[in-house]
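Before anything else, here's the structure in question.
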Amino acid sequence: MTPLDELLLFSGLTLVFLLLLGRFSYAGKVATVFYGGQLLFLAKMADRIVDGSIVTFSLQVELFGQQMSWRFDALSWFFAVITLGAGLLSSWYASGEWGERFRRRGGNLWLLNVALAANVFSMLILLGSGDLLALFIGWELVSWASFLLMTVAGGRAIQAAMRYITYAMSGAMAILAGIVLLWSHAGGLQYGQIIEVIPQLSQAQVWLLVALFGSGFAVKMGLLPFHLWQAAAYAETPGPGAAFFGAISARMGLYAIILVLVQLIGLARLSELMIPFTFLDMRDLWAWIAVLTIILPTYIALRQSDARYLLAWHGIGQGGYMLLGLVMGDALGSAGGLLHVFNYATNQAVLFFAVFAVMFRTGTADLNKLGGLITRMPISFFAMLVGIIGLAGLPPMNGFVSKWFVYRSLMIEGEPLLFLGAIIGTLGTILSVYKLIHNTFLGQLRVEHVEVREAPWSMVAPMIILMLLIFATGVAPGLVLDWVALVQSAVGLPVVENTLGGVELASGSLDMLWVVGVLFAGFGIGALLFYSGGRTRQVHQLDNYAGGHFLTAEIRYHYSDNFYAGLMHLIRPWYRGSFVWLESTLGSLLGIAASLIQRLYGALHPSIYLLVTVVVTLTWVLL
Amino acid sequence: MSIQTLLMELVLMPLVAFVVGLFMVLMLRRIGAKLQRRVGPPVMQPLYDIVKLYGKKTQISHGWMHDIGIVMAVGGYVAAETLLPVPGMDGIADKGGLVTLVYVMMIPSLGLALGVGQCANPNGSIGIARALTAMLAYDVPFVIVVFGVAWYFGTTNLVDIIAIQQAGGVAGWGATAMPLLAIAGLFALQGMLGKQPFEIYIAPAEIATGPMVEMSGKYLGGLFVMQCFQLYTAGVLYVSLFLGGGENWLFFLLKVFAVVAIPMTVAFLFPRYKTEQMIRLMWKWPVMIGLLGLAFVMH
Amino acid sequence: MNTIVLTVVLPLLAAFVVPVLSRVSPLLGRLLGPLTLAYAILLTLQVWLGMEGKPFSIALGGFQPPLGINFYVDRLSLLFTFLTLVTSLLLWPWRNETEPRQYALTLLLAASACGLVLSGDLFNIYVFYELISVASFGLAAATRSGAAFAASLRYLILSGLGSVLVLCGIAIVYLQTGTLNLAQLSQLAPETLNTPLGMSAFALILLGVGVKGELFPVNSWVPEVYAAASSRVSGLLAGLVSKLAVLVIVRLLVLLFQQESALQLMLILGLLGAISGELAAWRAKDMNRMLAFSSIGQLGVIFIAFSIPGKTGLFAGLALSLHHLLVKPALFLLAERWRGSLVGLRGAGLASPVAGGLFVLLALSLVGMPPLPGFWAKFLLFTGLAAQQSVIYQVALGVVLLSIVIEANYLFRVVMNLFQPAGDNSVAVTTDHGWLNLGTTFLLSALLIAGMLLMGPLGAWLEGVAMQAADPVLYFDTVFSVSAIH
Amino acid sequence: MKEIDIPIEASVDRNRTNPLARVFDELVRFCRSRSMFMLHYCTGCGAIELPPAMTSRFDMERLGIQPMVTPRQADILLITGYVSIKTLKRVILTYEQMGSPKYVIGICSCTVNGGMYWQSYATAKQLDQYLPVDLYIAGCMPRPEAVLEGMRKLMDRIRSGEADGWKDYYRRYDWYLGNQQHLFGDDWQTPADVIGEASHYDLAGPGTEGEHTRLLQQCQKPLEPQQTFFQIGGSLEVKGESHE
């Protein structure tokens, strides 16, 4: 038994356990322990991963001349850690009162747990794939498992899931096309064979391959222009599912991109592929897609009035940073991109947890119907605060470090416009997440929320763990950067030489230990100054300046709607919904074609077709 | 560098920043007075204000985030000062660099935003919304400038940037090499300091000073302290990027005060722009100038 | 060995006896058909074990081929005989108002299908083909509703015209070669049929047989008939009869028409069928029509697969055919309980979770989700297509991929509908066939899962079948070197 | 209006023995006197005299006086003219929202005795019945010179610690409240909690509570609880949401 055997078996066991016994009330808790067990197995292979060796799966399948194998290298391991971490915490979150309430409200908790386990299991299979066929199988399993989880909520979630599966199937088919193309050239689908055959392919063929694989993987990542499905699909998934999706699910696309475009095809080859009629090459194209993916979804997030949708849209945008860092291809950039996978996962998970904790207590995630909950749910507030600082990429949380890496890479590589785009995205994120926390936790507490309490421990505990993680990896990013360096060497990218606090560079280094230390020293001085002043006294929220007006609880004076009115006044015309238009146009065209064809089939005199066809065919044959 | 010197620097740098900042506030008010043909406040007026505010008997709080917001607003700048080299003192400038500094400078704003948020005053929230929008506006030219400077000097380490400039004399200054970027930087500076015409988020007659609406006593005092730091930081940063930093304290302070005097003077000559006007202006002229400057720098 | 003939003879006999017997003893009449079929299956298995993988030929009536007619038994034909009998048994019309007549027709269908599969000569194939037609007309109209009659009439006209075309084609072949024995033709074909005239013969036969094979554009009877006929009949027609038609064409392609243009013609028609079927299914409003259009699409894909030259195409096509043969009848059986508007199906899956679950499984396999068998069949097709140099094959690859996307969309729209909580106006229809149909579906699904688990050996075995079928020389040698037994 | 006189109690500061603390107190008082943020509640014609006092002719900023926008930020409340009853409610709210120490300056005769509105039914005649006025600047209207003179006077009084009207408001809140209730009715209340503030800062005196504050407590419309309370766990159901 290799550690990978144990891991996959145990993961499968978790799934089977939930399938069979998932209806018992303790099942969620047991499953959480099981996820913990999976993490242990993952930890067990850590020493081999650190050695740079590969952990193989004992079972190999040969079908139709295709050898299929599974193995874990540092790349798989890195993503698997995040996957299992997200699975563990999501399951924990769902195992207590949240799940109880969900079930009592008519939700199918069993299905939710099973779907979660199926997602984790299939992701592990995908991450372990040792050849392209295994990759495709894993890919499809993940797609359908996600679909299952998306449909748990029913109602609007179903529509979102349908949209997802259409996109996902299109993407999968593009990937399949790429795979069979490669197969026809290489005669096999082992990574080694493909690395050998790629240099022999013509530019046009590689172009086609990159386009097929790229667009397929981009669908999962939610990269432009395939991003439309993601927000609704993730946001409508019930609590822990949304957190899990938000944290890691879309990153499977990134994993595949790293595997195929970086490891198999190689970034160098990408920059040889010119785009016709422009001065850009394929790599620039990817970089620009990444930047557009950062900007557009982020500014769509800014307009959302539902906290879940807001977060989901940001999830799409943050994917852009990872890709951007990665396609820069240097040690800093790719380290930043990979680090951001981890950092973002922690941030997004904690944010979704906090939002669903609020939903748990108040019954709504509508940003215009909340406010002032900080006095009622301080831990959730703090969790969201830590999350938004991380998501926006401000020190001292971990999101800053990964973005810093990406920015520095862009600076060193001399990409001012990409840099500008990335920063504009960050600024938009800051605006949007402030709106999130302001409208939820700050401002006026509504009368109907006076009795609200902090979420139960089963929901708070995962948040606290994530907060600690976010802060710890923000102060000491070296902890994760060590893993990232392993991944880089496994993938064949230049390896970042990190320190515990960040990175040492001749052209400007980063040491978060110092930065955070000084920041907190500054806070200390600020606190000293503050608390040396007179004694404070908290006043009631209605004791508030309103130009001499007497405020009462019935008056809603929380400023939440149209939050960035001035900005929106200027940029609202820029939201043209072009992608939605494009999507619906395609749909309509297909619909028109379909109804024409249906009419064709419904014709009254089908024999005429027959005769016409005969005549046409014979003419074709004889001429 | 011994640990004692470092510790001393870490204490001294914010302290110097505060003192210099007090005089900048004074200069701000004096310039305004001069332009309006008044006498203006006495020399110690900024200090009087702060002491008075801290010495208020009742301190009205709206909750713990309100308190912590002020702590963050002041503390963030205290931290930022240690990342900003001044003559004879580098602090921990080489541990963070330009990008880190830019982001650490956002912490006070974040703290303030959170604190104001808990005040539950719509004027305050509107003010913050506008302030963040303003940040979106002026940061675009600002990051162009940052990028240009980092590219030109090949580093983001402020100590190195200053050293390179000083090695070349006045001809080596960033402003000489990158005049267009320096101009774009001035625009950004104006926005960053929130001075007219870009002070829509304060707008006293409309939204009752926006973020400050519920600030009393030491809360307001904290903001006054923050303003000192803010003026100082912006000025020193500009001097470090474009005017060769400080060879010695005399020249250094001269340059810094001169730089800060520009937006202050401009401030009293202009009315207030609406938010969208501000964005449009910031995204048009300084960005164009900045990109042009960047093009010159990079080729 | 020659007991294989009994698989044709016994059901045929039974078909004539059943109506009479039913009058004497309804119970016997009821049991005769299934028993006959079961016995025939046994015989087939016996032959299978006995032949040890080597093909053989049986000359009928004492005359040696090419003068006499013969049955050619290789793994492919035996496989299809087996499948014919099993499918007929599984889809046996157990309970029906017009029982004896239906029994007779089903038996007739089974007998003639076996004959068609085994026949080694073109004219016999035509005869059996006509017999199948007759049986299927009767079956299609068996529900005796107005719609069923209208649909059957449509089917009848098209099918009749098709038969004429086939006959014309056969006439041209005879004109060119002077024989109708397949083995002999396989030898003469390279010289005599590799002409425009030969090609036109193929085109005529393709279009004629294509009527049953749901080939575009002569398939417009399909949605009408499947919507009106009972699910078992639909399953039989969609699952079995269409495959038999395809089988005929495949035999002709392997033995007679090896020119590239023949393959291309089939490819183009298959392509059009695939995309048009899936698109129409996407718009379909009720279950049976949707499945009918989907069946057109699937058959299109099968035609595309068979148009890949060489063993690859046969292998892929066979895999796809088998998969479709397994899945489509199962889906039709499920559809029996969910007849009517798709919108009205809300909550039906919640009402009967087993059926719903089976539908999901079958749909997933149809869409080609790995590692279900459907994926492997499609994978074979894709690798086959990708290996071809010609652009049109690449186009076909794209089209098939697109059609899968559309298919996934409409199938899972239905699935979602099934598992949504029921609205007020939806009535989940269940007939009293429920458990029988469900049991059959369950069996077929179990086979599917078994296929998935045994994919390795199954694939290897199927490849052997394809290899054998793709060899015209073997065919000739088998027929002419082996002495007839009678 | 039971009492006409304005009792001014001598300030009873805590006895601070530490000499440094005395210096510190002195410093704070000095700074208070040299930095006065004023909120001008421009109720009447007196307001017109303030701009000249602030702008280049007289330049109040020389003295460290500058206008502020909200009561939170301000030290001085300037009532610049007659106060109608409706306005008075706002004035009182504004005053209570200011942070102590805070000073009230009544400008114009109207604040002293009603002035030309003496016979008006809708005007509060004597401001110091309702708020502790530290300084009146009489006149109709007083010229900027007078305003500045008044300001200087107030500065001196702050410096010497005499300007302690704000303490008086805490100490004799019951009396002020009684006058206010007399004018506005029994259900008069502001969101500001003066009694709580007084006890929090140890400023309560014997007259802080009394019959009027009891009346206030009886008639008060309670504010919903707002203090942070922290409890994890508890019932599963959301309050106020229908159970589906």
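Worth pointing out:
All chains are identified by letter, namely A, B, C and D, in their written order; residue positions are counted from 1 within each chain.
Everything that follows uses one rule, which is that a residue touches a chain if its C-beta (ideal position, glycine included) is under 8 Å from a C-beta of that chain, and two chains touch if they have at least 3 such contacts.
All figures in this text were calculated on a predicted structure; none of them were measured in a lab.
Via touching contacts only, the remaining chains, with chain A excluded and nothing moved, are grouped as B, D | C. For the pair chain C and chain D, the distance between mean C-alpha positions equals 95 Å.
Each chain gets a centre from the mean of its Cα atoms; for chain A and chain C, those two points are 45 Å apart. Centres computed as Cα averages put chain B at a distance of 79 Å from chain C. Between chain B and chain D, the centres computed from C-alpha atoms are 35 Å apart. Within chain A, residues 375, 378, 445, 535, 537-539, 541, 543-545 each touch two or more of the remaining chains. Residue positions 55-60, 63-64, 208, 213-214, 217 of chain B are each in touch with at least two other chains.
Along chain C, no residue makes contact with two or more other chains.
Under the contact rule defined at the top, the touching pairs of chains are A-B, A-C, A-D, B-D.
Remark: chain A residues 371-372, 374-375, 378, 381, 385, 389, 393-395, 400, 404, 407-408, 411, 414, 416, 419-420, 423-424, 427-428, 430-431, 434-435, 437-438, 441-445, 501, 506-511, 514-515, 518-527, 529-530, 532-539, 541, 543-547, 557-559, 563-567, 569-570 touch chain B in the complex.
Contact residues of chain B toward chain D in the complex are 29, 33, 36-42, 44-45, 47-49, 51-52, 55-60, 63-64, 204-205, 208-209, 212-217, 220.
Residues 27-28, 30-32, 34-35, 55-56, 59, 61-62, 64, 69-70, 72-73, 75, 97-101, 166, 197, 201, 203, 228 of chain D touch chain B in their complex. Those residues of chain B that touch chain A in the complex are listed here as 10, 14, 53-65, 67, 70-80, 82-83, 92, 94-100, 103-104, 106-107, 110, 113-114, 117-123, 125-126, 128-130, 132-133, 135-136, 139-140, 143-144, 147-148, 150-151, 154-157, 160, 200, 208, 213-214, 217-218, 221-222, 225, 274-276, 279-280, 291, 294, 298.
By the touch criterion given at the top, residues 61-64, 136-137, 140-141, 144, 147, 151, 154-155, 158, 161-162, 165-166, 169-170, 173-174, 176-177, 180-181, 183-184, 590-591, 593-595, 597-598, 600-603, 606-607, 609-611, 613-614, 617-618, 620-622 of chain A touch chain C in their complex.
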